[in-house]
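After this come two complexes, each holding subunit A, first together with subunit B and then together with subunit C.
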Partner chain A sequence: MNIYLTQPATREMVKPRRTARAAFSRKKKKINVKPYLFLTPAVLMLIWWVYKPMLGTLRYSLYDWSMVPGTEAVYVGLSNFKKLLTNKDFGTAVINTGVYILGMLPFSVILPVFLSVATQGLQDKVKKLYRAFFFVPMIMAPVAVSTIFQWLLHPSNGLINHLLQTAGITANNISFFSDERFARLMIILISGWKMLGFATLMFSSALSGIDRQYYEAAALDGAGKFRSFFHITLTMISPTVMMMIMMSVLFSSQWSMAYIDVLTQGGPYGTSTNIYYLMYKYAFKDMNVGVCAAAAGLFMLVFVILAMLLQKLSSKVAFYDN
Partner chain B sequence: MKKTALNAGRHFLLLLLSFIAIFPLYWMVVSSLKGEGEIFNYSFLPEHFQLTNYLYAFQEMPILRMLGNSLLNSTIQMSLQLLTAVMVAYALMRWEFKGKALIYSLLTLTWLIPFQAIMIPNYVQINEWKLNGTLAAIILPNMVSAFACLSMYQSFQSFPRALIEAALIDGGGELAILTRVVLPTMKAGIASLGIMLFITSWNDYMWPMLVVRNLENAPIQIGLKSFVSSDVNLWGSLMAATTVSCLPIFILYLLLQRNIVDSFMKWGIK
Partner chain C sequence: MKKLLCTLMTAALTVSLLAGCGNADTGSQTASGTAADSGIGAQNTQDSDLLDPANPTTVTFYSYSLGYPSMKDGMEHLIRSFNETVGAEKGVIVEGITDDMTKFRTDIQAGNQVDVVQMTFGQLDSARTSLGFQAYEDIFPADELAEHLSGISENAQALAEIDGKMYALAFTFSTPILYINGDLFREAGLDPENPPATWAEMLEYAQTIKEKTGKNGLAFSPTNGWVTEGIIYTAGSDMLNADKTEAVFANEQTFAAFETWKEFYTSGCAVAETDSEAAQEFMAGNAAMHIQSTSMLSGIIAASEAGDWELYGAAMPGIGDNEAVPVNSGSCLAVRSDSPEKAAAIWEFIKYATGDEGYTIITSEIGYLPLRTYLADDPAYLKDFVDQYPLLRINLAQLERIRPVTIWPAKNGTEAFSVFTDAVQKALTSDSDVTAVLTQAQEDINALLQQ
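Take a look at the complex of A and B:
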């Protein structure tokens, strides 16, 4: 590629291009290949490792296959979708996906907005110190986070159970990850723990961008704290709010996946599984490629629709201060 | 008076948040340093600091080897992703050309394709090439990050075009312009994106899980996972192994804390 792009070639191609608008006669036909050369590696690999496999998955959704080498995938039409919709875990997984998405919003949007507003106005130096601390969960690996919480929440030897019992809140050892009442909640809390600090920082930085004059003007007009919060603060940070909602809705099921895999494997009785983990299970535990692919195709569609709706909502709600 | 009370309230909230964020890690380190008798007694500081847990963890698992694998894997992924992203960003910034909008949507639409929608064909592909269990299997599908390309393009857009025009008049080739004019100016942005890509691939779990075959060639996350599921009740050693697995990222964080926080906030997460 070096040879291609060294001086002589470049001069020939670039210099005329600068006057191309005026003198288009000869050069117009000559396509500038350079941008394509720069783009080729990335585009080829995206096509090979993302778009082609995505189409492959859509194709598999019409086939029955167990991934065993040497066996052929058999065309079965839409029966995978039928199998999927009648699968007993599917309903729970769909509901749980919704629960995880909703359960994540307090940690990615609601609490962070209040925390950032409540802590607004501190000196920058002090803030920097705090932010160094509460950013830490964000850089932690999901597997490491899982093992730590597994230990903290251990039924008989975990610190949390010990504290709960010392405080007299419960008399029994709670198996947080194998008790139907707690497993799902724990996954939400752990995903939330990882998200909270980061989201708070995002809103803090959005808040610090608000022009103080708005508040002064509102105060002159006799607006109280609450009114200026709803009318000014929320309006001004609405782009960040919408962005965080969007990320949270689209990705929270992905974020919780590693915790589910390490901590509960979707159990007990499938109560903590979500749709993405279920796909993983269909493919690599049940060796049922077709059903996994059907679920993947279906939910890609669902999330695309969700994304479009959110995009629409965001262009309606979000206010940009220019 | 009112102001001090308000400030105290703020500090309390922030301290609480910091405590919630840090305490699990503190508990991890403390537990890893406790001896067998002490680990179950909930003290917040070990009476006798012991390294036996670490010795055991290092004995049971090829931890150093796995750390090396992770380091190699993350460094290669980061470098390739940065390289391809720089090329894409340069092309998009530098020229108007046919298909630019198509390329741009090709990049942004990856956002909507979850890992689960591509994992089976990629897994089959890796198997077909008999790369299962190798480092290459982990790296190959991650050579390009659409996220990195878009973020890089975003920061390249602020590059003053006049500088490129000037370099053209001086007679530089495209590669020379990119490496001598553009990259030096963009160093900080590229570095911060690089840190983020490094951490992301260090922490990656689902894909390596599918293609790793033995611990010798596994990144540390997979090793840790296998230690969890081995179902022994050795919490001290598990916490020791977890601490070791986080150590490189912690060191990076201590050194580059401000950069890391800034880059995550600038680029968002994915």
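Take a look at the complex of A and C:
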């Protein structure tokens, strides 16, 4: 009997539960539309401003076109890639892109970490003054910066050559931007000097977020300054370090491009060029958008792979003090 | 209610964005359409009646001279003078735009209005092929054109001739000369009145000056851009073959000339610097000799006066027994027109800029040669000025031996020229072997030209 009694009772209980679930589900569906609606403008803008041009770039890598309005792009298949890979400056540009990435790391990571740590313990006003000094190069226009360095490093009238000769270090004038031995180094130094302030500010901000209790505990355990720096400071700012490494690797070629354009134009004889300057040259000097797009496509792939590897490294190395 | 409002606003933003995208698309189609028409619809039968002083036609003039401090004032004067006289009378306003020899290209790519461009001769073939620059015969009235050209030498007219048509008219024009700092010469025991006649002699002079004064004997850039071709011609060699299908500069004559040139840098009596650095070095009184265009004359005179040193000038030195064969520097005026009205407006400016008034301004205020050479002897125009600065006579005398600068073929020409200039710099400033570098460059250029 009980069985008979229980069964209808169970059915009765299940039915309203199903109705409640359906109502909840309808409600859930209704709620889920809104975020997508809010996201839509941003997604559409992203598609329009980023992904559409990106696909356009990939498409143009298969065409021969001067980008002049009214002229038609001619399909040439993969010949732009062939032209790119056999171009005499391409190999140098690839190597230099790597050189600039490595050369910028001390200015975007190593030096800023030490500068921010060195200024962290100073009085508030002095600390702010120092950091303002570090940051000023960042807000200066690249062309103005280039002109200042052009004057300082001028082969015959520049202050640096004058000082080097007065001190007896060199006998003859050095043409810093026309001499293969110096041109790349100068581009790295100037781009690095410009980036130093921004990176120092990022690390200073990361240092401010470290709980002082860690240092107090370490001091009680007898840890010295260096041990505290390597075991606490570096560990705690590791997410910022990884972020700056990633930014430096992915963007150092872009940061140096303005200085290459103004100071060396990729010279002497193409030795200071990088892949971004080469792309600019293909598109706006040689008026060959196809080869430029081929280089852009190829390097987008390289940088995507690099970004993924760095992301993986970051998830392994970075420590988040949650 | 609040949620509903938010939802509506979001939906409205989305719709407006989509509408914006639609507009952008339409805009780009319109831009393409306009540019497609440019250069095709123009007629060569227009007359100045098409212009209306009450509704003046604007002509954009891209000029690289506007970007050089030593030339800016003169070029601005030329534009202002036209706008205030002929322009105001006929209904034309010329808008000067500072160019860097690439801006006109990117502006054309961006669909901007580019009407007249001060262009170097070497770029002309690629510009007419890919950027829609037109032949004068196609857009200007034949009778007026013939009349206007009558005072300009045929050699000068031929400089911008491609496939039998005149794609530009020589505008600013000069040859390289040897500028001399007389004070440094005397300090080194040399006579500025007896300048070096050959490159070998110039090397001896430069080494003496370095030794005696500590200053550089010569300021001359390996990347000077145009004098290099003159050195190759002077050596008895050539740049390209007659039909411009092959580079022919890599030979014994060129190698020998380059070895001498390289010795200036290796012996320490000159610095391998950029062209502007070399000019600055000479103007600052830190070098005794400088090979440069007379377009820098006004700036160099001002520098010598400011630095209180005496300026001398001489013809470009020869090589061995060969007399110097200078190439022309300077530029031509290339034009694009999208309507008969615009063509008429451009023509008025071209006539003024390359007429008696125009050449008087660009010679007396910038230092270029008057392509209407009779102006140099006309007291109403340039006689007094040329008498005051006899350096210009050297330039005029060199015109007899002048060769036009190479017009590189349109296809791959820019890239080929870049290979050439890179090779010149590498041969002269690195430890690399001159013969090997130039031979390799010739092979690379030929591979490009035959593509």
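Brief remarks on what is shown
Basically, the second predicted complex is superposed on the first by the 267 of 322 C-alpha atoms of A that agree within 3 Å, B and C clash if a C-alpha of one lies under 4 Å from a C-alpha of the other, contacts with A are read in each partner's own complex, and residues count from 1 in each chain.
One rule holds for everything that comes next: a contact is a pair of C-beta atoms (placed from the backbone, for glycine too) under 8 Å apart; a residue touches a chain by one contact, two chains touch by 3 or more.
As the structure is a computational prediction, the values presented were derived from the model and not from experiment.
Counting the residues of subunit A touched by each of subunit B and subunit C gives the higher count for B. When the shared chain is aligned, subunit B comes close enough to touch A:Gly56, but subunit C does not. Contacts of A:Met287 after superposition on the shared chain: subunit C is touched, whereas subunit B is not. Within the superposed three-chain model, A:Pro41 lies in touch with subunit B and with subunit C [touch as defined at top]. Residue contacts after overlaying the shared chain place A:Met300 against subunit B, while subunit C stays out of touching range. By the touch criterion defined above, A:Pro106 lies against neither subunit B nor subunit C after alignment on the C-alpha atoms of chain A.
By the document's definition of touching, neither partner reaches A:Pro239: not subunit B, not subunit C. Contacts of A:Phe177 after superposition: subunit C is touched, whereas subunit B is not reached. Of the two partner chains, subunit B is the only one that A:Ser205 touches; subunit C does not reach it. In the superposed pair of complexes, A:Ala258 makes contact with subunit B only, with no contact to subunit C.
Common to the subunit B and subunit C contact sets on subunit A are residues 34, 38, 41, 45, 67, 69, 154, 157, 284. Touching subunit C in their complex are the following residues of subunit A: 34, 37-38, 40-41, 44-45, 48, 66-71, 88, 154-157, 171-173, 175, 177-180, 267-270, 284-287.
Those residues of subunit B that touch subunit A in the shared complex are 7, 9-11, 13-15, 17-18, 20-22, 24-25, 27-28, 31, 39-40, 42, 84-85, 87-88, 90-92, 94-95, 97-98, 100, 103, 106-107, 110-125, 127, 140-144, 146, 149, 168, 171-175, 199, 202-203, 205-206, 209-210, 221, 224-225, 228, 235, 238-239, 242, 245-246, 249, 253, 257-258, 260-261, 264-265, 268-270. Contacts from subunit A toward subunit B in the complex involve residues 1-2, 5-7, 9-11, 14-15, 18, 31-32, 34-36, 38-39, 41-43, 45-47, 49-54, 56-57, 60, 67, 69, 115, 118-119, 121-122, 126, 128, 130-152, 154, 157, 159, 162, 193, 196-198, 200-202, 205, 243, 247, 250-251, 254, 257-258, 261-262, 276, 279-280, 283-284, 289, 292-293, 295-297, 299-300, 303-304, 307. Interface of subunit C with subunit A (complex): residues 3, 7, 10-11, 13-14, 17-18, 21, 31-38, 102, 105-106, 108-109, 111, 126, 130-132, 216, 219, 221-223, 268, 271-274, 277, 280-281, 284, 286-287, 414-415, 418-419, 422-423, 425-426, 429-430, 444.
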